[in-house]
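In the two complexes that follow, chain A is the common piece, with chain B as its partner first and chain C second.
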Partner chain A sequence: MAGSVLAPVPTSAAPTAKGRLRRSLRSRRTRSGLLNGAPIVVYLLVLFVYPILSTLLLSVKGARGGLTLHWYADALSGANLGVLLTTLRISAETSLISVVIGFLLAYAMSRLRPLWAGLMMLIVVVPHFISALVRTYGWIILLGDHGVVNGLLVDLHVPGAPFQLLYNEIGVIIGTTSVMLPYTVLLLYAVMRGVDRRLLAAAASMGAGRLVTFRRVYLPLVAPGLVNAAVLSFILCLGYYLTPALMGGTKQTVVAALIDDQVMKQNQWNGAAALGVILLLLTFAGLSLLRLARAIGANARQRGAA
Partner chain B sequence: MIGLRSTWTGRICLAVASTVILLFLVMPIVVIVVTSFGNDALGSFPPHSWTLNWYHQLFAPGSKWPGALSLSVLVAAITTVFSLVLGVTAATALVRSDLPLRSAVYGLVLAPLVIPQVVIALGLFLLFDPAAMLGSPIAIALGHTVLASPIAVLILMATLRGIDERLEDAAASMGAGRLTIFRRITFPLAAPGMVAAAVFSFITSFDEFFISQFLSSVDTTTLPVQVFNVLQYDVDPTVTAISAVLIAVAVLALALVGVVRRLGSGRENGLLPVDSAAALPGNEVP
Partner chain C sequence: MSQRGPRAGAGTLAGSGKSLSASGLRKTYAGVVAVDEVSMEIEAGEFVTFLGSSGSGKTTTLMMIAGFVEPDAGVIKVGDRDVTRLAPQKRGLGFVFQQYLLFPHMTVAENIAFPLQLRGLSKAEIRRQVGQVLEMAGLTGYGRRRPRELSGGQQQRVALCRALVYRPPVILMDEPLGALDKKLRDQLQTEIKNIQRELGLTVIYVTHDQEEALVLSDRIAVMRDGRIDQFDTPRELFERPRTAFVADFLGAANFLSGRLEEHTAEHTLVRLDHGGILMARSHSYAPGHRVQAAVQPGRVGLCAPADGFCTGTVETVTYVGTLVRVGVRPHGAESLVRLELPAGRAPVAGEQVGLTAEAGDVTLFAEESG
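For the complex of A and B:
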């Protein structure tokens, strides 16, 4: 779409780039675009790009001026490195579970009649717009030693009940997964709706078993959605700390919580900035991975078509 | 016919799994609403006896909730105005005109949705701290607009794409001026989308935590920050009631969007706004 807009209108006289620019600037649509586009661009440059750049700058500034990587060395050693690894672990676990559970739910939705699918979609989307903080609090009530879940497990005589479900990693994963799940369900549902069921029928008609059809036909068709959902929920988890802070123990401190602590309690801005930049780099790495996966997918499709 | 649901056992397994997953999404919300009416607001579910006591206590003298609530509403209202202005202009630029570097602008607009919010919050803190603007409602609203405006842009872009430009051309051909066209054609058609954009901007700001946390001061805390502090440091049973209020606000806001869409252009699938899905990042990554 961007290509078609940016592509110059072909004219009989071969225009130079400069002439083309001048002509397009003269057009009313371009002027209106610049006029209307300016406010948000300026706004985001001042209140989004500039603050992030100044964070970047702060993270390499030495105590007596000059450039240093000292803060990064700090952020990547000792207890701070442990926090970073914890963040990566919790994000990976959450994203994996969200994708698996989201796959089941999206699959069920994609096979239902539109009315039921719509109702289920409502149940998925409405919680998404309710504060994550509030939902986390709900989980704290549910998962306590005398909470609903443990009460149910004790009543069912599950061996070992009541379990410790709060202030450890289980609690954090449960809470964070319920926050990320709407994203994965929506992304996967969109892909599954687009799957041509006739392809599956064709595979079956040629004698493929159910498992083979699923593995060789269905899974490759929804793979782009799976990659998308996994990487995005991973990225969103990286900077998320409400649930880990409220439902985790000391072993579940995540980078974002550390940033908060360093700014608010220890006035250690440079260190916080370095941690922030590390989160940013991890996010970019994830987005590039997504782009790479898309390119590979497009390539494979092209080869398939040829 | 093919796949997991092809057999009865498969169907039943899938139905059970989906029910459990839906409960997983809904239970935390249900438990708060129910407990907020219970006598023992911090525990036992379902409660032994019922009371409205916690709601009365929200507004008791000395309670910190009214202040936090009014600050949150103020900040969310300012954010909504900022975000609508930026959203309408940006959506017009992206959908209705030839914008140089269009994909770069689009990428910039979507970026706040995927960048870790704590990083944005830290940057804004570094920006506003030297200006001595920490704790100012305007500063918090300026920060919230960074997160709310991309959502407004996405919703309004979808709205504008759904409006047939030929209607405006037709009006113009019959001699309507640009202002008349906007007032009589574009605006009425775009109104449901604008309501949706406004509501989602409001909710985004009202529920936002990270930026408020970094930009608030001791005596100005927004509602989410206050709730977080109570959950982390004190034990205060009124927090259940205020959480239920937050749930009610969100549900009412979504219902408003649904109703307006129904009444508006009379579009199909009125109950669930397609826009709410557009408000999720990821469908379109820069």
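For the complex of A and C:
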């Protein structure tokens, strides 16, 4: 390997693209690079590119052969459109709440001593190691009409108790948020630990109170982490299936559940493929939203400087 | 960008310095005394340096003045205002950190504008003042850059601008040049001193570098073990060090031990341990008292053997620019006496010489027991 790094780079300008290709294939660096890269390329082709391409193909295949956008029209109309919007709504709500709670937890952790921070981190992350099914049923036991939470609320004579905490949107949001929380906490904790706290002291030395320091110095410094955490949990939530299915009602049917329904019950692979592609596009949309947010942020700063 | 003559903007920024007084400051950490009985009066427009090695309490004292550390006892006043128990942001002081601590998400101009925005100035006024200090620091045109795009020296200049743009009554600096190389440090020292003098700023500066302290300061507080050994002008610290530590720390003095022989109104005679009698300035120690005589290397002269207060052999001769550092070993002594002589008068190694010193240049200290 050391030799390939030191391999001489062709110095003469290549006259044609073909010549360039041939010469570059002759060079040891290219050959060893291809050799080393081959396994991962094959892996991606078989397990990633092929399934996606075949799904794409499936989603535009008509009932009697030929290409059609019929399945997409189907997926984006009537009840299916409602399901799509529900998925987006649940994802957005989950992402917002898990970022807010994650921010508070991560902030507390970044202020605690390492021992306590580690312990808190364990409490946040360990539920993630438990099987999703077990965890979800755990929530169902806790949140049921006669569950621990409602039992406690009734004993405390909280007006209105017991509350309906399951088989509605509240249940779904509680479930998905608890799944996303470790991601947002870990992400935000890393960003917050990276903030030089002496910058806050510097702000104070110039006369900035706690609130101003937080808004003008701390928040802008952790903002990239907040955006990342929000988009990550939004994207993860888009394809989430188990929790909405078990903890939600009929009004909380999500796209993933619809896909399951179409494949398992209706043997309707084309429609399912179209829904899958739409989910994929939404994920890409989320990612480009992230880039857009960053660009806008950078732009705003540029303008502010002017 | 640096300009001679009157600096732009000096007029509106000038005369903002106020006096500061500290009395009986004390701070302990888990029973260990970090600062003890520190009291001082600093006048408006004065440049004061806390000089000491690490652990001497100089930074803790500065942090107490800034408000980042709460004193166990004592009072701090800025002008007539008691600020002892106020939070840092309520004191209105300026602070320049060793690590610059510019806000990385703001441009240079935004960094400097930050304290002005906190004070509710209009946008036009902020722009005017930011432009003014940038010009003063020779950074015109750098306003839109990010701190990370600047060199260390430029970043510290920006930090300095940010600390003085809102005209704080006192500016505190915690080893601001500690992270810079020698050449840049010398250059910035001059700039800081010029700006301080022109704007009449009250500055409290912390450093462990004697040379830096001497270049910058009107007065220096030499600190050791949480206390001020001596708080005086550089000249006084050199000419009349009050403790052996000050004489050693600032001037790298030669110490000769001996016994006090007699003293008159004008001078004191000391019999040195390795023979010879040294004349020192008058002191009130009783005859027979063990003393240390301190003489700066530059204040020891050569003479014919047997004419001086002691005789010895020249062992080392080192040329340092226009100076020669000479080490002379008095007969029977273990340590060398260090001299600094003009290059023309250098002896050669192995030569027998006598050493002389003016009585006024010799300071006596009681020998420390243990």
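Assume the second predicted complex is superposed on the first by the 252 of 306 C-alpha atoms of A that agree within 3 Å, B and C clash if a C-alpha of one lies under 4 Å from a C-alpha of the other, contacts with A are read in each partner's own complex, and residues count from 1 in each chain.
Keep this in mind: a residue touches a chain if its C-beta (ideal position, glycine included) is under 8 Å from a C-beta of that chain, and two chains touch if they have at least 3 such contacts.
Everything quoted here is computed from the prediction, not taken from an experiment.
Aligning the two structures on chain A places chain B and chain C next to each other without any clash. When the two complexes are overlaid on their common chain A, residue A:Val83 makes contact with neither chain B nor chain C.
In the superposition on chain A, A:Val41 makes contact with chain B only, not with chain C.
Applying the stated contact rule after C-alpha superposition, one finds that A:Ala203 touches each of chain B and chain C.
Contact with chain C, but none with chain B, is seen for A:Arg216 once the two complexes are overlaid on the shared chain. Partner contacting the larger number of chain A residues, of chain B and chain C: B. Contacts of A:Leu238 after superposition: chain B is touched, whereas chain C is not reached. By the document's definition of touching, of the two partners only chain B reaches A:Leu187; chain C does not. Touch criterion not met for A:Ala274: it reaches neither chain B nor chain C. In the composite built from the two structures, the nearest CA pair linking chain B and chain C is 9 Å apart. Shared contact residues on chain A (touching chain B in one structure, chain C in the other): 201, 203-204. Against chain A, in their complex, chain B makes its touches with residues 1-6, 14-15, 17-18, 21-22, 24-32, 35, 42-45, 85-87, 89-90, 92-94, 96-103, 105-106, 108-109, 111-112, 114-120, 122-127, 142-143, 145-146, 149, 153, 200, 203, 206-207, 209-210, 213-214, 224, 227-228, 231-232, 239-240, 243, 246-247, 250-251, 253-254, 269, 271-272, 276-277, 280-283, 285-286. The touching residues of chain A, counted against chain B in their complex, run 2, 5-6, 24, 27, 29-30, 32-41, 43-45, 47-52, 54-55, 58, 101, 104-105, 107-109, 111, 118, 120-142, 144, 146-148, 151, 178, 181-183, 186-187, 190, 197, 200-201, 203-204, 210, 213-214, 218, 228-229, 232, 235-236, 238-242, 245-246, 256, 259-260, 263-264, 269, 272-273, 276-277, 279-280, 283, 287, 290.
Against chain C, the residues of chain A that register as touching in their complex are 196, 198-199, 201-209, 212, 216-217, 220-221, 301, 304-306. Looking at the complex, you find that chain C touches chain A at residues 66-68, 87-90, 92-95, 97, 99, 101, 103-107, 109-110, 114-115, 118-119, 143-144, 162-163, 166.
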